[in-house]
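Naming follows writing order (A, B, C, D and E), and every chain is counted from residue 1.
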Amino acid sequence: MITLLLIFFPLVAALLLLFVKGQQVRNIAIVAAIIEFAIVLYALTQYQHGNATQFEANYNWINSLGISFHVGMDGISLLMVLLTTFLVPIIILTSFNREYSNPSHFYSLLLAMQFALVGVFVSLDGFLFYVFWELALIPIYFICLLWGGENRARITFKFFIYTLTGSLLMLGGFIYLYLHTPGNHTFDMHALYLAGQSIGLSGQGYVFWAIFIAFAVKMPIFPFHTWQPDTYTVAPTQGTMLLSGIMLKMGTYGLIRWLLPVAPLGVEHWANVAIGLSVIGIVYASCIAIVQKDFKRLIAYSSIAHVGLISAGILAVNVQGVQGGIIQMLSHGVNVVGLFFIVDIIQKRMGTRDIASLGGIRNVNPQFAVLFLIVLLGSVALPLTNGFIGEFLLLNGVFQFNAWAAAFAGLSVILGAVYMLRSYQSIMLGETNISTQGFAPLTGNEKAVLFILCAAIIGFGVYPKPLLDIAEPSVVKLVAGVRMAMGK
Amino acid sequence: MITTYLFYLLAFLSIMFGLMVVFAKNPVHSVLYLVITFFTIAGQYVLLNAQFLAAVHIIVYAGAIMVLFLFVIMLLNLNKETEPHKSLWLKLSATIASGLLLVVLVGSLKNAGTIPHPANFNTNIGLIENLGKTLFNDFLLPFEVSSILLLAAMVGAVMLGKKSIK
Amino acid sequence: MSAIFTIPIEWYILLSTVLFSIGVLGVLFRRNAIIIFMSIELMLNAVNLLLVAFSSYLSDSKGQVFVFFIMAVAAAEVAVGLAILMMVYRNSKSSDINDLSKLKW
Amino acid sequence: MKALLLLSSLGVISLLAEIFSFKKLLYPLVLLGLTATFVLNIGDWNTNMSYFKMIQFDNYAVAFTSVIIVVAFLWFLMAEGFFKDETNQTDHYSLVLFALVGAVLLVSYTNMAMLFLGIEILSIPMYILAGSNKNDVLSNEAAFKYLIMGAFATGFLLFGITLIYGATGSFNLEEIKNAVSVAGSAPSIFYIGVLLMLIGLSFKVSAAPFHFWAPDVYQGAPTVITAFMATIVKTAAMAAFLRLFDDTFLRVAGTWTNVLWIMTAMTLLTGNITAVFQTSTKRMLAYSSVAHAGYMLLALLAANSYSSSAILYYTLAYSIGSIATFCIISIIADAKGSDGIHSFNGLGKTNPLLAGVMTIALLSLAGIPPTAGFFAKYYIFTSAFMAGNVGLVLIAILASLIGVYYYFRIIIAMYFKEKTDESIQVDLNHKLLLIVIAFAIIALGLFPDCVIRLL
Amino acid sequence: MIKLVGLIPLLPLIGFVIIGLTGKKLSKQLVSIIGCGSVLGAFAIALEIFFQLTGQAEKSVTIDLFSWITAGKLSIPFSFLIDPLSSLFLLIITGVGFLIHLYSVGYMSHDEGFARFFAYLNLFIFFMLLLVLGSNYLIMFVGWEGVGLCSYLLIGFWFKNTAYNNAAKKAFVMNRIGDLGFLLGIILIFVTFGSITYHDVFLQAKNFASGNPALTAITLLLFIGAMGKSAQLPLYTWLPDAMAGPTPVSALIHAATMVTAGIYMIARSNILYTLSPIAMETVAIIGICTALFAATIGLAQNDIKKILAYSTVSQLGYMFLALGVGAYTGAVFHVMTHAFFKALLFLGAGSVIHAMSGEQDIRMMGGLKKHLPITHITFLLGTLAIAGCPPFSGFFSKDEILANAFENNKLLWFLGVLGAAMTTFYMFRLYFLTFKGDFRGTKEQHHHLHESPKSMTIPLVILAVLSVIGGFVGIPEALGGKHFLEEFLKPVFEDSSFRMVHSISHQTEYALMGIAVLVMGGALYYAYTVYVKNKTLPAAEDEELKPIHLLVYKKYWVDELYENVITKPLNFFSDALHKVVDNQVVDGLVNGTGRFVTWISGILRYAQTGNLGFYLFVMVIGIVIILCSRML
């Protein structure tokens, strides 16, 4: 029941919001989001540590095709839902910075997005997963289209088509699996796992690519990434946060939940290529980030680099890699939202995101500088920040797959420091110039958001154990299953 | 034997006049050639023991449909050689296309001779009695339904024909 | 007096195929809508001929009954077709199909 | 059969309305009649009645008839304005109702004669209605093109029927089917006949390369008639196609599957690709309707247990989506004098309801969850996948991406472009219709089981 | 008392949090009390622990705090390890750290970022303590990166200055290069041993054969980390630039503590290194090369802090030499003495700079002896210590290193002595030019010359005393000492002791000492001749230099080399990647697909000519083709 509540509460809230007029809609939205978060916290208290799927709900849906409305959470899902529900109120809070036209639509779409995202993370039926997966695309598309920046029509459209391409391939893969389930066919997750594991290497190869490309586009992984910097840049800040903070995790989550178990041999056989792409993407995106002039774009590229590592770690199929992937998803969500919010704060005040034209903000607002620095350190994975835990585990995972890949992927440690510090220096340090002199102090909501995020960054950097513990049994079980199917 | 020759003659005539329908410059001539073609086809019907059908054919096609054509041509004042000619290329390609169609159809139909010369051939099936039985037993429903078709056509033709009041 | 004893069915198939193709030729060859119409009638007649031939060779009256329906439909089609043609002519003073090409691309 | 009788009577009654002057009552009467037809038709469920071995109201026929009548009902709601023309009011009613009779024949025939008559009864009113905007040159042109090409295609269809008759000595589908299986290998004229019938029916469902009439006719015809053609005519033709090829000719599948494979691919690609460049929304939807025929052919080609329910669902989903889009297009075109994409600029701000419903309908046509169109496509893909037509599925996936491309041009215009005019007045009944359709699209998408379970 | 070890890092952390959060609201007095007090408290506990440890038999105590990271087999507790090595480092860090805190109270008194400075310093101490206290490699890595961060913050302390910021960034990035190696090393340790806790790793490592490739890889990777943090070739260029930070920072971080982290790490992993001869050789060679290379650069520099910086690099090279030849105790010994005298020298230099109103160029100094008596004396003592003049602390530690090098490889010893000579020369060059002769600065500067306040001179004095007597903890047996340090550290290094064969006789050792002292004396005399007797002055900025001199003066153009070989190509490459590969090729492909479809659409729609004849024609052709398919 909790799961159902988690899924549908945001939807109901979103629909109700449509009928609210005026700017107070955002207050209602944030209350709804906080209630949702509280529900997750309640679920956490009810969660039994172990690898079992809990809070299950299973209803017949499309009986004649073996499709059911089957949802539930194990540790992995729970963490993803936790991330979603944690970030959504924060994202709503960040929107207090700006006045949007048609606020009721804006917040309604935002909550609708949450509905779809939670759905993606709790689905235990392939078809249901796909439906939620696609559903998530619609609100974010409209958020970007309606409230985005220059050139948004073309760019968001490209994003839409691009991700849809991947999704359709995935659908193809799922249908292929579905038709290999015994009897009258079913989309039940475990049946799909069994079906996938029974179809032999070449079949799994097709499934692997069909599904991997879908996720690769979503995350995105080189060379499927070119929609991402444009979209992140052009989307309204909240849209960017949703995209990078949560939506991207749909892809990485999908790797764990759907790709590994359905095509173990495919993964094993093609891991070289897939991890290769991921790792190339890490260095590639990091290098490109170095020469970015627009800070938002820079973060966009840095996100590609981070995600590449997550994907590589997961595809290495070992407990460290997958656990690292999960932790890094959470960390990346927090960090990237923080970074994009910082961009928003700067842009709102300065009217520009051009790194070169800023400078010396630290002189005017040291508090902001410190908060920015903490977020930045989280992003460059300094120990005792959340980013480090994930990165260490991921590199560990990749290393076990191939030491050179890990070494190459590790270059992001260096390059990340280069571009992040370079932009920090250029934006915050040095002498103030005429425009940055008037940098207004942080408002209450801005402080609140940054404090919460910084607390999360340091808190989970120092004591990640609760998170790791939630996911671990499920991860161990999943990895063991996959490795067994690989014959290892 | 005479039927054989008759067949060849009629076949030759129908093909020739068929071609003349296509190539005649004056639409009125085309209509007349087509009428002749219909007569030759009616002749074939007779050869095939479909006497009643031959009669109906003449009445409906030559008597009704072609008159309608003629009527329209006159009404629209098209009885001159006004038609601008298609360019040579288009004519050529039209000829080639239909020639190809012919070749392909003939090529794929030529070995179709699976129907043996019937030993117990019934010469009476073309008689009105037999046809009537079939029509009103087996084909009653289509017969009734075609009334709807004709009604619809009638309504439509009238609707299109009458002037709209503005 | 019956052809079926002396003429193999192939000849009828051939004949109606040729007539059918002549109809197609007419449709492709001419620009005058009325002639095109007439060519289509020729095609239908070729079909009728073949149906009758089959009917006779099979000693089965259904084929001939079918011809009635084709005739009925042909009549209806002609009636409607000519009505449409008249209407077109009223508006554009032409029965040339090349003049009717405003709807394109 | 009851549906057939009732529809025919309704058509005749419409004609009588002119004489006995109850024209005002006609509209509610027709709606009532359609409702009655629907109910009576449902009564035929599971009876499997056969009449004269000519038509058979098996579940397949009943299901498709229901779809046709539901869509027709919605269509009447949409097309109310079309029947306000004083001069031809009753003619329009009767022609549309006669066309529906043809459509019902097409989904229930068991004899070639009924197929042929059904097609003609459906087509002839369409030729006329396409030209019903008598003073509009484009409408004339549409009617004319439709007629000539339709008659031409009928010639091939008839030739095909004749050859099959020659080979089997029967017009009855069951007998034809059995004749082939008994003879083992039918005479070669039979196969040519099958192919010629394939061509004739492909023309009716506007499959490439016989689709050329569709864009021109759809664009030229009055919008409501276009909607009728795109929905009911297409549904009926598709059902007829399916009935013939996935049953009667299934044993000679080798003859036509390869050809149809290529035609399906061509249809999917030409329809979708050509639509990309269109600026007239009506013409764009015309091309898209060509493309949708391609998707349906995909299921037809699969010829498995999913095919008929897939096409049933697809036609329903596609039809209601199309009704909504055409309705909105006609509203917009009436208000702004153009159906170009630019007419939609800023609609999201001026008429949020229209824009919202249009968005849902377009999403459905594009196949985005959770709309009915998505499930329809999914189901079709599954069916094709099951039949092993993986290559075709890939083409279809590519094609549907291109589809998204042009459908979204309208969405972008509505929400992204600045508004140009004041908001448009929309009739209440149209508003209701659109809302109902929007809900129906979503509901169908969420609960497809209620339809696909039928067949 | 050992249970309280958690307090050691906690105290500075609390200090950091209090100062960091309340910041400017506190008075400077309060800030300095909290800042210094927290470190002093830590020192007190460390001292207590040290004595407790010397007193008890159990030399290695692990204190578990909490479980930090677990993932499958990988389980990393957050726990501390107290053993002789870490307790010694604790003392050095907290002790020297406290003195430098104290010094900073005076040195930074006029700076507006006073509180911030203390916050950073406390944070630094916290991380440094984590580094040495951690019971596994990852905790060490936490400290490792943490001190890097503090180094970054402190180098760029005056953040308005772009050059300083660049230096800070450079330090961080270069450290990160090393850190990557370190991190990979840790991962390889995990992969090899299934644990990264020292205890488990070393226990298992003992069973490995010498020269095991995995061990070699691990040790080389770890050494990359050490190269970055301890500024060894080729990753040393950040350290001289790091002098941009306030002088106490240079003393604390870039001389006494952080840069010795690499030595600590290798000493900690001694068993792994001992088992991989290749790594040992590499360490030794890199060490000696760095020692010489930096020393030569030091010969020609004019910035007082730069000279000390290169000297630090050079001395660090010595320590690695010691590690490389297996003299772990020697290395640690040198770390300790170096912490005393180098901190002293930096603080002295700071005092000079303070007096000179920020002037750092020794060409502008001279004759400061009169004005800064305490600074002068302490600086002289420090100079003697670093030069290795007996019986100052540097003599003993350096002697031990050289003796071990001699034992290992004569060439290493020779080069070591050569380096020592250079050290003596440039240090005395610095001393003479600064304190002897006449004042060469401006009138203004002359007017302002003054001795530093008490808070600055007291640490100087204490450090001077330590520099003088610090060596007595390690008097070699040859001189009748007990070598207390060696005894103390024995539990840590005993597993590696099979490599440390003390075959060297006392006679040889005397001879080596003698040679070292002679060489030192010679270099000292040469420096005296050049700079005091002949009063030669270093060349002015615009003067043309001889090629070799120029080469050294320009620091071998290494910075320029890196700039042109790494930085610029990287930027160029990235730019090309962005503009060409990403925008044109990858995205071009994507956009191209879209454009292609549109283009095809534009073409294809012309097929729809609107001409009925054409449509019919196409239909017929289609039919022909379809029927053909039947014939084939």
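Rule of thumb we're sticking to: contacts are C-beta pairs under 8 Å (C-beta built on N, C-alpha and C of every residue); 3 or more make two chains touch, one makes a residue touch a chain.
Computed from a predicted model, the values in this text were never measured in an experiment.
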item: Touching both chain A and chain B (chains); value: D, E
item: Chains in simultaneous contact with chain C and chain E; value: B, D
item: Chain-chain pair with the highest tally of contacting C-beta pairs; value: B-C
item: Chain whose Cα centroid lies nearest the overall Cα centroid; value: A
item: Where chain A and chain D are represented by their mean Cα positions, the distance between them in whole Å; value: 42
item: Geometric centre distance via CA averages, chain C-chain B, whole Å; value: 5
item: Separation of chain A from chain E, taking each centre as the mean of its C-alpha atoms, in whole Å; value: 37
item: Inter-centroid spacing, chain D versus chain C (mean Cα positions, whole Å); value: 27
item: Multi-chain contact residues (two or more partners), chain E; value: 594, 605, 608, 610, 612-613, 616-617, 620-621, 623, 627, 630
item: Residues of chain D touching at least two other chains; value: 113, 117, 120, 124, 127-128, 131, 134-135, 144-145, 148, 152, 163, 166, 189, 191-192, 215-216, 277, 405
item: Per-residue overlap in chain B, given as positions that touch at least 2 other chains; value: 86, 93-94, 97-98, 101, 105, 108-109, 112, 115, 138-139, 142, 146, 149, 152-153, 156-157, 160
item: Chain pairs that touch, as defined at the top of this document; value: A-D, A-E, B-C, B-D, B-E, C-D, C-E, D-E
item: Chain C residues touching chain E - in the complex, by the definition given at the top; value: 24, 27-28, 31, 97-98, 100-105
item: Partner chain D, residues of chain E touching it in the complex; value: 594, 597-598, 600-602, 604-605, 607-608, 610, 612, 614-616, 618-619, 621-623, 626-627, 629-630
item: Contact footprint of chain E on chain D as seen in their complex; value: 144-145, 148-149, 152-153, 156, 191-192, 195-196, 198-199, 203, 209-210, 212-213, 215-216, 255, 258-259, 270, 273-278, 402, 405
item: For the chain C and chain B complex, residues of the former touching the latter; value: 1-15, 17-26, 28-32, 34-35, 37-39, 41-42, 45, 48-49, 52-62, 64-65, 67-69, 71-80, 82-87, 89, 95-96, 98
item: Contacting residues of chain C [partner chain D, same complex]; value: 9, 13, 20, 23, 27, 33, 36-37, 40, 43-44, 46-47, 50-51, 54, 57-58, 60, 62-63, 66, 69-70, 73, 76-77, 80-81, 83-85, 87-88, 91-92, 97, 100-105
